[in-house]
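Input: one structure, supplied below.
The first chain written gets the first letter, and so on, giving A, B, C, D and E; residue counts start at 1 in each chain.
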Amino acid sequence: METLITIILDGLQYSSYLFIVSVGLTITFGVMKILNVTHASFYTWGAYTAAFFIGQFSEMGWPDAFGFVIILVSAIAVGTVLGYLIERGLLRRMYERDEVLIVLATFGLFLVLEDLILLVFGVNPYFAYQPMALLESVEIGGITRDVYGLTLIGVAALVAVLCWYGLNRTNWGKLLTAVIYDREMSEAMGINVTRVYVVTFIIGAVLGALGGAYIAPTVSVTPGFGVDVIVLSFAVVVIGGMGSIPGALIGSIVVGLMRAVAVHELPEVELFVVFAIMAVVLVFRPEGLFAPAKPRKI
Amino acid sequence: MLTIENLDVDIESIPILRKIDLVLESGKMIGLIGRNGAGKTTLMRSIMGLLKAKAGTITFDQAELTNIAGHRRAHLGIGYMPEDRRLVPELSAEQNILIPVWSTGISDFQNRLNWIYRIIPECKAFQSRPATSLSGGQQKLVALGRALMVGERLLLLDELTEGIAPVLAHRMGEILTTLKSEGVSVFIAESNDVHVAGLLDKSYVIERGAISAQTQSHQVNTSEAST
Amino acid sequence: HAKDNIKIAVPAFLSGGAAGPFGVPARNGAEIVIDAINTGKLPAPYNSKGFAGATASVDFVDESGGSTKQVAEYRNLVQKRGMDVVIGYISSGSCVALAPVIEELKTLTVLATCGTPRVFEEKSRKYIFRTMAHATADNVAAAHYVTSLMPSVDSYTGINQNYAWGQDSWRDFDLSVQHLKSSAKASKKLQFPKIFAGQYGTEISALSLDKSKLIHSSFWGGDLEAFIFQGAARGLFKKKKVVFTVGGTAAYRLGKKMPNGLVLGARGPYGILVRDRKTALNEWFVNTYKNRYGTYPPGPSYQYGQAVLATKIAYDKAAKAAGGFPTQEQVIKAFTGMEFESFSTTVKMALGDGHQAITENGYGITKYDNENGEPGITDVKFFPAECVMPPQGVTSVDWIKGGMKGAKC
Amino acid sequence: MSGDPILQVIDLQKTFGAVVAAKDINIDVSTGEVIGIIGANGAGKTTFVNMVTGYLKPSSGTIRFEGRDITGKPPRLVTQTGISRSFQVSQVFTSMTVYDNLLTALAITDSRGFNALRPIQRPDLTRRCEETLVRYQIDQYHDSEASTLPQGVRKLLDIAMAMVSKPRILLLDEPTSGVSAEEKFNIMDIIMGALKADQVTVLFIEHDMEIVERYVSRVVAFYQGEVICDKPPEEALIDSRVREFVIGEEYPLEVREAGSHADH
Amino acid sequence: MSRDRTIPGLTVALAVCAIGGYFIPDWLMNQMMFGFARALAILGLLVLWRTGLVSFGHALYFGLGAYAVALLDINLGISDAFVRLGVAMLVTGGVGTLLGFILRNYRDIFFAMLSLAFSMVLYGILVKTEALGSTDGFTVSPPTFLSAAPEGKYPLFVLICVFGWLAAVLVQGYLRSTLGRLTTAVRDNEIRVEYLGYSVARAIHIKYVMSAVLTGAAGALTAMALGQVDPDSMVNWTASGELVFVTILSGPGSVAAPFIGSLIFELLRTYAFELVPHAWQMIVGGTLLAVIFFLPGGIWSLFARALKADK
């Protein structure tokens, strides 16, 4: 019983973390058909920025609770600035090109941004433990948990609700569906596609950065720590169906829970299990659990 | 209403349209007739801002369209039906018709939607079906409905009757006549003008990217004009 | 044939998660020692200029990117960039992968930090030296420390990285504890997360649920720090005793945030364990390092410094014997079986036919020194080299399994 | 020559959810016939062609070609038995030139066994390719990339590619839609000329009654998934239901009586 | 139409490399071995790319090839280069055939992602299994040649060059055949291919197996040239990404392109690493971006231009 509760909580916590990161990826893919490897950079930059400023402000004697403001502000600032620059500076010139070339371009950019981190923040890890320390810990199911980690679940839920609302309950969300399918016709139907793209990309970027910024207090933020995250998010997004927000949610939950089960019960398969699920899902549902409709060809 | 002067358009630096001059008066219906590959679609797309003009001007109601972002045209009351329909497969037929409503924020869309259903009752029959499943001609009708939704002042219709059964093509002609009487200007591009020839106030014949003839009223004879 | 210049390559993690805690201090340690050698400013008896009189020019290279990349890079270092000596390497992965290539390319290579015993146990090596004890010493010493100083510990589990280092560390520790205290029980569910994983929430839950009283970990670098943070927030260290075989680096870096009561090693007599040893060499090293880089030197600085020092000693010794600048063969001959006084301890090249060093090894328990505002350590206990390392000719695993024959504790 | 039906469609049904796209369709086609399929939009014409050529599986019913049951076989196998088709939207290899399009089509149909591994540029193929280009009068577009072709030329290329497998029956989906008024007869003449030379049975979907009148020997009219009329053109075009649902009351009957079936 | 001079060109290049290789410094020979060995994988990816398919998981085959060599060496002590290469190709061919049954039904990003999933499954297994070397991988002993155990790398270098030449010539022949033409045809319009009576799935399957075998050979030769295999640089997704990267860098223009592109990549990385150790990834990434933006035809297009100017 204890183990079960622990597995579920561990799983949900990890799922939440995965969801926050991958929902941004899926939104970007869904709308712009870009499998964005620089998402890992948003994550890393978000984490570094948050960790850096939490450290700075804490040294200047600001209260620890201010850390939460920093996390949010860092995510928004990093996502907006990087997202805007990348969409305007690079991707805009690429929309006509092959999907794969776009993936590779973002891969190239990712490499560049990785080294830029080293130049800006140096090689030393950063610690931003203050927000986590502030919330202390509770005992659930016989083991101690940090409350901060549990708030991750709440944050993920909030992100999910906001995304769902934005897509299904606003005109903007409906317009996205049109833009997704046909950029040019959308333009002719009066949609400011340029703006939709920029905003969507920035939203995706902010979510990626939020994932990094929110996780920063629980880890040592070190160079290159986004590399594994991105491929896990790929798995989540693909399992759920690329471009689908409910898909990202389900995908995160599946991956998070399965991983928790593996670590607790069969640690040897931990790494393998995620991609095995991904392969199995793809084999039986080639387009993921929530696949989009396809146009009639003949 | 719509005046095009000296328009040059290139695609991938190949000149496609050359020195196009064209005038569409308010409440009139004009045709652009020409063989395959003459440049009809290119002209329509240039008006919609989907292609960049290399030289020349496109004036709509005193506004210089070449300086305005592509998406603003719908907000000005211009509706466009592309030759290849291009519906959004994930949305139902009705949602497809409503896309311009969401983007331009038309307020009395319900009336307009009812009116569209009244004049194209076929659309109502499959209003809630996904656009993916519709036949070629059915998609065409939805695309027309979508153009009608915003095109309160100007309609650009590319290959209106292509792939449409004769009964329906005839009825479309009637619909356009009604619209005209309500003050909407209509600009139709056709490679095969059997169904619309009788309705046009004026026809331009386009050949290899240039206007080669212009005919008032109903006496267009395309096969002669293009030899 | 005199020579005024030798080219030394010093590989260490300069990017990635291991750079901050490990690579950079290692690099710094090598740097101050090489600078002092080039200017003749090391304390006596090492105050002669240069390596057998030759000034060293150094290239610091990045060790990150996986062992395959290291193999390719090593070839470039030697064949393209013409290095005379390579001194360094932190990861056991690099060392295991490089050993055959080093032998193939026949270039003197002094391994500074990497720990797996496999390097000299698989084969005898001619061009490779390692100037610090291998991982067996860490884990045997840890087992001694735990079994002798913590009698209440009767069950244990482990979390180690899933590569040679982590696997060997756990095996040695497990076997040693079994030998020293056969009543102690090892857990069945061992955690071997991937190196550089960074997030251990689920693993910490699993460890918390495990009934074992002690956790063994050979984590190092960024992984170690992340684990300590996450474990502290989860109260893991209040609930369990933990022994970190490479924990020394974290003590300085985490400072006040380092929980008290953790058993730490520094892979030998280095870093925080020997900060206060009052020998001339040690004082020179600690002060020079602190003046230049603003912190106390952690273990890797010592280890890299020691490797450079050993190289100099071997060069000088060979030059003396040869009566001129020595050939590589002569340096190797001088190096083999050498015994020397290093910054903090005596080093004997006793194993692997005189290529593998042995030193004493020790552990202590963290206790923050509030008075001076510095990390501190108590209950330090050292075990002599012959107690924690196998004798020549026996592999570590065989030695431990065979009841640590010949151990002098 | 005629006699046994080359194609037999028996009780063919197709439903998409609530939509009935084909309902009890029965058609026998004899060798050498030219059949025009007309019908309102969404009547089920394309669905019918799609079922016969294996793109869609019928919900029920049987399709026989030369006596063999081909119901539900995939397009590849249907093609191999001797049926070919063109498309409402031309399906060509967009990034290749017209010549390469045809050569590729020829090579693929000639790829049994080791032929698939022989170089594609071989004298027998290139000769046939050039010949076909001339026959369909598209040789002046020899080196144009297919994506830049005018619609009419692309349609011709599409049909030419459908023909290389030497089918015994050909189904064309709206061959003249989007083709300009002055070119449509020209195109149809070329198609018919080429087909007559190869003795191919043809079914084509058409909305243009001028074409129907002029070229077909039999008209099949669809309405809401059903065949409402199956007669020779003179009779079909004055059929009251056809006039009501498909061609409209205004269609001029008297004009072209003399012109139909004229040789071009 | 100008005559295709690819095969004579390749043959001359082979002769130059084989003779010149005897005189060049060791480090350059190493770089050429790594570059040319990888080029085999690029050749395979090029065939797929022309079909419109990009695999983000070909490190699966690279790794399988490399690990086949290592495991033969460790478990059976087999050092013969030809046996190693043969077994690696058999293994990758077998796995490729099996996975091909699934993958041939996938296109676009789904193909890429499912490939990725399969390769990451292998990665997960390797990393977590101590008997397979986990993160460390294995050391591979130097190859022998039909029981001769020559000193130095030159024989292996010649083997790689000859094998590379052979593969390029075969692929060139393939691309000119009907099956080869099916690459572009399938990418352009599958419906038409099906209606010409050819199975698109089969066409893709053949290409997939081909690329798997070529990539397996690349992995095997790399393992022998390097003397080391490990999962992070050979099987992880970044390794697959690197293969695709080099494919784009090389350009799809010719079967010679992979050899040139791959060697240039090898040199680029070495020099970047040597000259700007802190920003070498930036250089590599920047190069990739530059190629995508300014050289859509890859490095080959520069050569093609130079060759044209020659005439």
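Rule of thumb we're sticking to: contacts are C-beta pairs under 8 Å (C-beta built on N, C-alpha and C of every residue); 3 or more make two chains touch, one makes a residue touch a chain.
Since the structure is predicted, the reported quantities are computational estimates derived from the model, not experimental observations.
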| item | value |
| --- | --- |
| Set of chains adjacent to subunit A and to subunit C | E |
| Result of counting contacting C-beta pairs for A-E and A-B, higher pair | A-E |
| Greatest separation from subunit A - chain, by CA centre | D |
| Where subunit A and subunit D are represented by their mean Cα positions, the distance between them in whole Å | 51 |
| Distance from subunit D to subunit B - Cα centre to Cα centre, in angstrom | 29 |
| Subunit D and subunit E, separation of their C-alpha mean positions in angstrom | 45 |
| Separation of mean Cα positions, subunit C and subunit B [Å, integer] | 77 |
| Touching two or more other chains - residues of subunit C | 14-15, 192, 194 |
| Residue numbers of subunit B (touch at least two other chains) | 133-134 |
| Where subunit E touches two or more other chains at once, by residue number | 127-128, 191, 278 |
| Partner subunit D, residues of subunit B touching it in the complex | 34-37, 83-84, 122, 126, 129, 133-138, 140-141, 159, 162-170, 191-194, 222-223, 226-227 |
| Subunit E to subunit C touching residues, read off their complex | 25-28, 30, 34, 127-128, 130, 134-137, 139, 141-142, 226-230, 232-234, 270, 273-274, 277-278 |
| Contact footprint of subunit B on subunit D as seen in their complex | 16, 19, 38-43, 46-47, 88-89, 149-153, 174, 176-184, 207-210, 244-248, 250-251 |
| List of subunit E residues in touch with subunit D within their complex | 173-174, 176-182, 184-185, 187-189, 191-199 |
| Subunit E-touching residues of subunit C, taken from the complex the two chains share | 14-15, 60-62, 65-69, 71-73, 75-76, 79-81, 92-93, 96-97, 99-101, 104, 161-164, 167, 192, 194-195 |
